[in-house]
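The chains carry the letters A, B, C and D, assigned in the order they are written, with residues numbered from 1 in each.
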Amino acid sequence: MNTQPLITTTEAVDKAFYIIFGISGVALLGITVAMVYLVWRYNRKRYPVPLSQKDHNVWLEITWTVIPSILVMVMFWYGWEGYLSLRRIPDNAIPVQGTARMWSWLFTYENGKTSDKLYVPVGQPVNVRLNSEDVLHSFYVPAFRVKRDCVPGMETYAWFVAEEPGSYDLFCAEYCGVAHADMITTVEAIPAAEFAGWLAEKPSATAAGKGLLQKHGCLGCHSLDGSPMVGPSFQGIGGRQVTVVANGESRTLVSDRDYLEKAILDPGVEIVEGFPAAMPPYAGKIPEEDMTGILDYLVSLTGDGSSVEEATEDEAEEANKPEEEGLAEEPTAPADAEEPASPAERGEALAAKNGCLGCHSVDGSKRVGPTLKGFWGSERIVTRDGQETTLVADDGYLIKALREPSAEVLQGYPPAMPPYPGLSDEEIQDLRSWLETLK
Amino acid sequence: MSEEHAHIVQYKTFAIVWIGLLILTGLTVAVAQYNLGAMNIWVALGIATLKSGLVIAFFMHMKYESRLFQLSLFAALAILAIFIGLNFFDVLYR
Amino acid sequence: MSDVRTTPTSDRGFFDEGQYPGIFAWLLSTDHKRIGLLYFWCIIAFFCVGATLGLLLRLELFAPGETIMSAQTYNATFTLHGVIMIFLFIIPGIPAAFGNLIMPIQIGARDVAFPKLNLFSWYLYITGAILAVTSLFTGGGPPDTGWTFYVPFSAQTSTNVSLAAVAVFILGFSSILTGLNFVTTIHRLRTEGMTWMRIPLFTWSLYATAWIQILATPVIGITVALLFAERVIGTGLFDPAQGGDPIMFQHLFWIYSHPAVYIMILPGMGVVSDIIPVFSRKPCFGYKAIVVSSLAIAFAGSLVWAHHMYTSGMSDMAVLVFSFLTFIVAIPSAIKVFNWLATLYEGSILLDPPLLYALSFILLFTIGGLTGLVLGAAAADVHVHDTYFVVGHFHFVMFGGTGMAFFAAMHYWLPKIYGRMYDKTIATVAWAIMVIGFLILYISMKIVGMQGMPRRYYDYVPEFTSLNQLATVGSWILAVGLVLMFANIFRGIFKGDPVGDNPWGGASLEWQIPSPPPMENFGEEDPVVTHGPYDFTKAGIL
Amino acid sequence: MSGHVHKDYTGAKFGMWLFLFTEVLLFGGLFLLYAVYLARYPQEFISAGKELNVWFGGGNTMVLLTSSLFVAISITALRRGAKTLCLRLLGSTIVCAAIFMVNKYFEWSAKISHGIYPGSDHMKEMQPGEMVFFNLYYLTTGLHGLHVIIGALVIAWAMILIKKDRVNADDWVILENAGLYWHLVDLIWIFVFPLYYLILH
């Protein structure tokens, strides 16, 4: 592996720092001492009249032009040399895809495994290929002195190598909106063997299945540990008896593979009793293979679900979960110890966070955009492709209005609303629950 | 002040310049019909520069103004060229 | 200089010679001194607002998590702090206020070349300022983009960025017109004997600045106009989905905003170059070198914008070129510092408040400049870019540099304009408090930035807490110094002891006329200049 | 120099030129983007450029060049004391401006009726480079059109002053400056025309 001694990014950058700080320190000291000395030495009390009226000296000017020029060229050179080290990816670097979005990170490994923390093997270079799904972000790991912007529509990269095992902060360094400061995760440097094991966990149905649930945002509303969230928990969902309401009639059935598939693709038909009809239909949204994986996993969650063998291996991810929820939904929520807020409350917080209330009132008054009072289920006259259409404010309409507001513009209002592609499906459901309360 | 009686340009001069401008316009349209590859844009820009030179020198009296005016114009255009040119260190090498 | 004294019609000079009654004497005046004071007071007012916002930001960062405001409010607050401080305080600060007050007198002119345009510039400034404030309360609420307005975020956010963009456009226009006015004034209205090599260095610095204002400011105009168009009519020139390139926005933005840094700092250097000789009773050392370096900074400053973009995803070739050019610009600044120090050598130095502020400029600007070298070096910049190190750096340059120079100018020239002197002891105490608070505040920021704390962070990881608290405490000390300094200045303006025409013993023209200056600065006859601006022997000071 | 009454012609002209530099730099931002995007999407720019009508663009070029001629001559005319001729020439200039704008109106509405305008569905189906081309086209010609209107207003204002004899054979710097502004409008178009309408036909 190690064909030649590897210069780490930290070493490359720190060299430039030492040289520049060294030269600068001497210069600063010199200037400060000279200034204080001159002010003291030639004080008017001592010399009521200046000793001379010298006003130029060509050689001095040349000297203090040439010497700084040489010094800054030295600094330039070391800065550039270090930068080149940052840009030259070692041949044996492991590629990882890093996706930034408002306001979280997603890392995808070569074998398709995803994670919201960046797991890397100690001692081996990692090349993170960066992109962004929405606005500018910046991938920044202070410990390794690397930073690179994530630009939508463009791939950038940053490589580094972790010499010591440990957990290193990973920040977003380019301002990206209200939760910019929460877009923090970690680089988890683990011994190579452990990393290989972690990476190979994919075959494990549980981890893969859980990864899929994470990827498609299921865990935003459904817990794995039995605790109620927006939707019912997945604990024991394989073969559990569920009571559902369909067309106003409730009946009890067994949650089998067919039921689960139906419930995912078209959840509005049968609603689990006691839960809001909040889930969006996923028909056409989940690729076939992912669907199979999800169903395999869900069916496997039987009994009390004290969850089979995954307890240990998922510790890291479990530990991370509350934090991630805090990010996505309630940046200002005081503590995760509290009861989870109701969907409507979360929706309200979301509306405040995303600035909805700047344009939409909740009391019926007209602002830049239409009021949200009585929004849900109301008839809307919209202009689509220059033609007026009447439709009802339902799930589909809400999603479209948030993700692509310019497609259907409400009559009498300017097409002023920006799209909110960053809103997850769960968040839209929360918003919907809140909107329903605004009668 | 002396400059109040600055050069009065003759009607004839203007007319000649105008005819020159029209000819150059025709020329630039004509040249655009031929595929010269990347040269097209440079030829078009060259002719446009010639035309703008005529407008500046005669219509805008720059030919009769002092060195200060000419230097300032040069500085402004040079800065614009720098602003555009330096960008290509990024654009061409990305 | 020949005797340019006239019998003043009133001992309150131009204050008693308004053309219109009451408030209109100010609002309709085309006199450069009145316009200068209009700017001065507006700028001071906006500085106080901006500083208050800064203190609130520091307070929020006193502890991790929510301290006094929500994240959205915080983001709007730092945006506003940046926009106000940059567009309403630093950029117009010295040129529009002291440039207007002093520059025409320094070259022996009775006014600027286009007095009505000058007044119009002020109205544009006020219009822009009002629009910027209006954007807080209208549309989608206060802009939350940061003063850099980077796309795609600025094109997507629902807050009132569009109006803020219009405000910036108008403020830019105001800046352009002031620059245009000054260049023409300096070329056309120098009095007899005021050769180019006899122009005071302050005026020289304004000349260099004015050229940047003219040639760079239009670029920010088109940039914010394009942002406006992108938001309002969807012309996605920077939108990747429409083939645009978000990085081009950054290029355009910094093509203006980097030279703008020199619009901010050059006049400050001019102030220092004028003050140091007077309080050393020695000609400014290397006058020509300083003139050339001002012009060199103005030119070379236009070539280095992309050093703000090393991590942006632009090409490595661009990093190489811009890093190299950036280090070139460092040299003229260094030359100025050495020449200032050489001016002190063998002088007769009086440590009055203007000199103290000027010396703190040298110290703080040097620290800011040297940390700028860290940011210019490609590798080092990658680590500290967009961290608190940058925040610390530009506050050293902008506040420690331009801010201190502004205060130096205030202590140096306000006695001339108002004819009254502040309390020098209090001014010195305030100065000491400010410098101490300043160093605590911004050095903490630099260290926390070196440790990796990104800027524009509403919340931070616990290991950054102690330095953030130290910085916040520093901000309080700094605030105490500021309040004391302003209180002393205001008291001095209204109640101070009258000063003579030449309280500091200056040799340039503004010290040869009465304090406050009369309406057209000079009597019936224009002054005839016979010696340089720092020739204390010929001026009869020595 | 004796203060108040004196009028500095060179200074006034110089100030105007400085202002024109700012206008050049303002458009410079758009030309910069044009250059960058042309380098990135040469083929798309060519295919999109074919959608523009050379006759509209060429006709407008002639109109503007001619109007510039009128303005240039009008200054000579005024200085020679031919006030009526001067006013007629300036009037013709404003007519030229109107022709230009009407032309532009037809050109834009033809494009818009084909569904080519910022944010349209038709645009969304285009290649990214073509979208950039049309967005730039609308912004550049739009900003230029705005300058045509402002220029025409400035000329009209100069005409009023000439009628009132406030601007005359001895005091003509306002007309000179108005003319400079108008020529700038022409200058910009001299570059816009080949860059947008003639990019390889």
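Convention: a residue touches a chain if its C-beta (ideal position, glycine included) is under 8 Å from a C-beta of that chain, and two chains touch if they have at least 3 such contacts.
Keep in mind that this is a model prediction, so the values were computed, not measured.
Across the assembly, the chain pair joined by the most C-beta contact pairs is A-C.
One inter-chain figure worth recording: chain A and chain D are separated by 47 Å, centre to centre, where each centre is the mean of the chain's CA atoms. Rounded to whole angstrom units, the spacing between the C-alpha centres of chain C and chain D is 35.
Distance between chain B and chain D, defined via averaged C-alpha coordinates, is recorded as 14 Å. Looking at chain D, residues 8, 10, 14, 18, 21, 24-25, 28, 32, 36, 40, 119 sit in touch with two or more other chains. Among the residues of chain C, those in touch with two or more other chains are 187, 214-216, 219, 234, 245, 247, 251, 255, 313, 316. Multi-chain contact residues of chain A (touching two or more other chains) are listed as 406. With chains as nodes and touching pairs as edges, the resulting graph is of another kind, matching none of line, ring, star or complete. Chain A contributes residues 12-13, 15-17, 20-21, 24, 27-28, 31-32, 34-35, 38-39, 42-44, 47-57, 60-61, 64-65, 68-69, 72-73, 75-76, 78-87, 134-136, 138, 140, 142-143, 145-149, 151-154, 156, 169, 171-182, 184, 331-332, 352-356, 358-359, 368, 406, 417-419 to its touches with chain C in the complex. Residue ranges on chain C touching chain B, taken from their complex, read 187, 211, 214-216, 219, 247, 251, 255, 302-303, 306, 313-318, 321-322.
Chain C contributes residues 110, 113-114, 117, 176, 179-181, 183-184, 187-189, 191-192, 214-219, 221-223, 225-226, 229, 233-237, 242-245, 248, 251-252, 255, 520, 526 to its touches with chain D in the complex. Here chain C touches chain A in the complex through residues 66, 70-72, 75, 139-141, 144-146, 150, 152-153, 155-160, 231, 234, 240-241, 245-247, 280-289, 310-313, 316, 319-320, 323-324, 327-328, 330-331, 334-335, 337-339, 341-342, 344-351, 359, 362-363, 366-367, 370-371, 373-374, 376-383, 385-387, 451-452, 454-461, 534, 536-537, 542, going by the rule given at the top. For chain B in complex with chain C, the residues that touch the partner chain are 68, 75-76, 79, 82-83, 86-87, 89-94.
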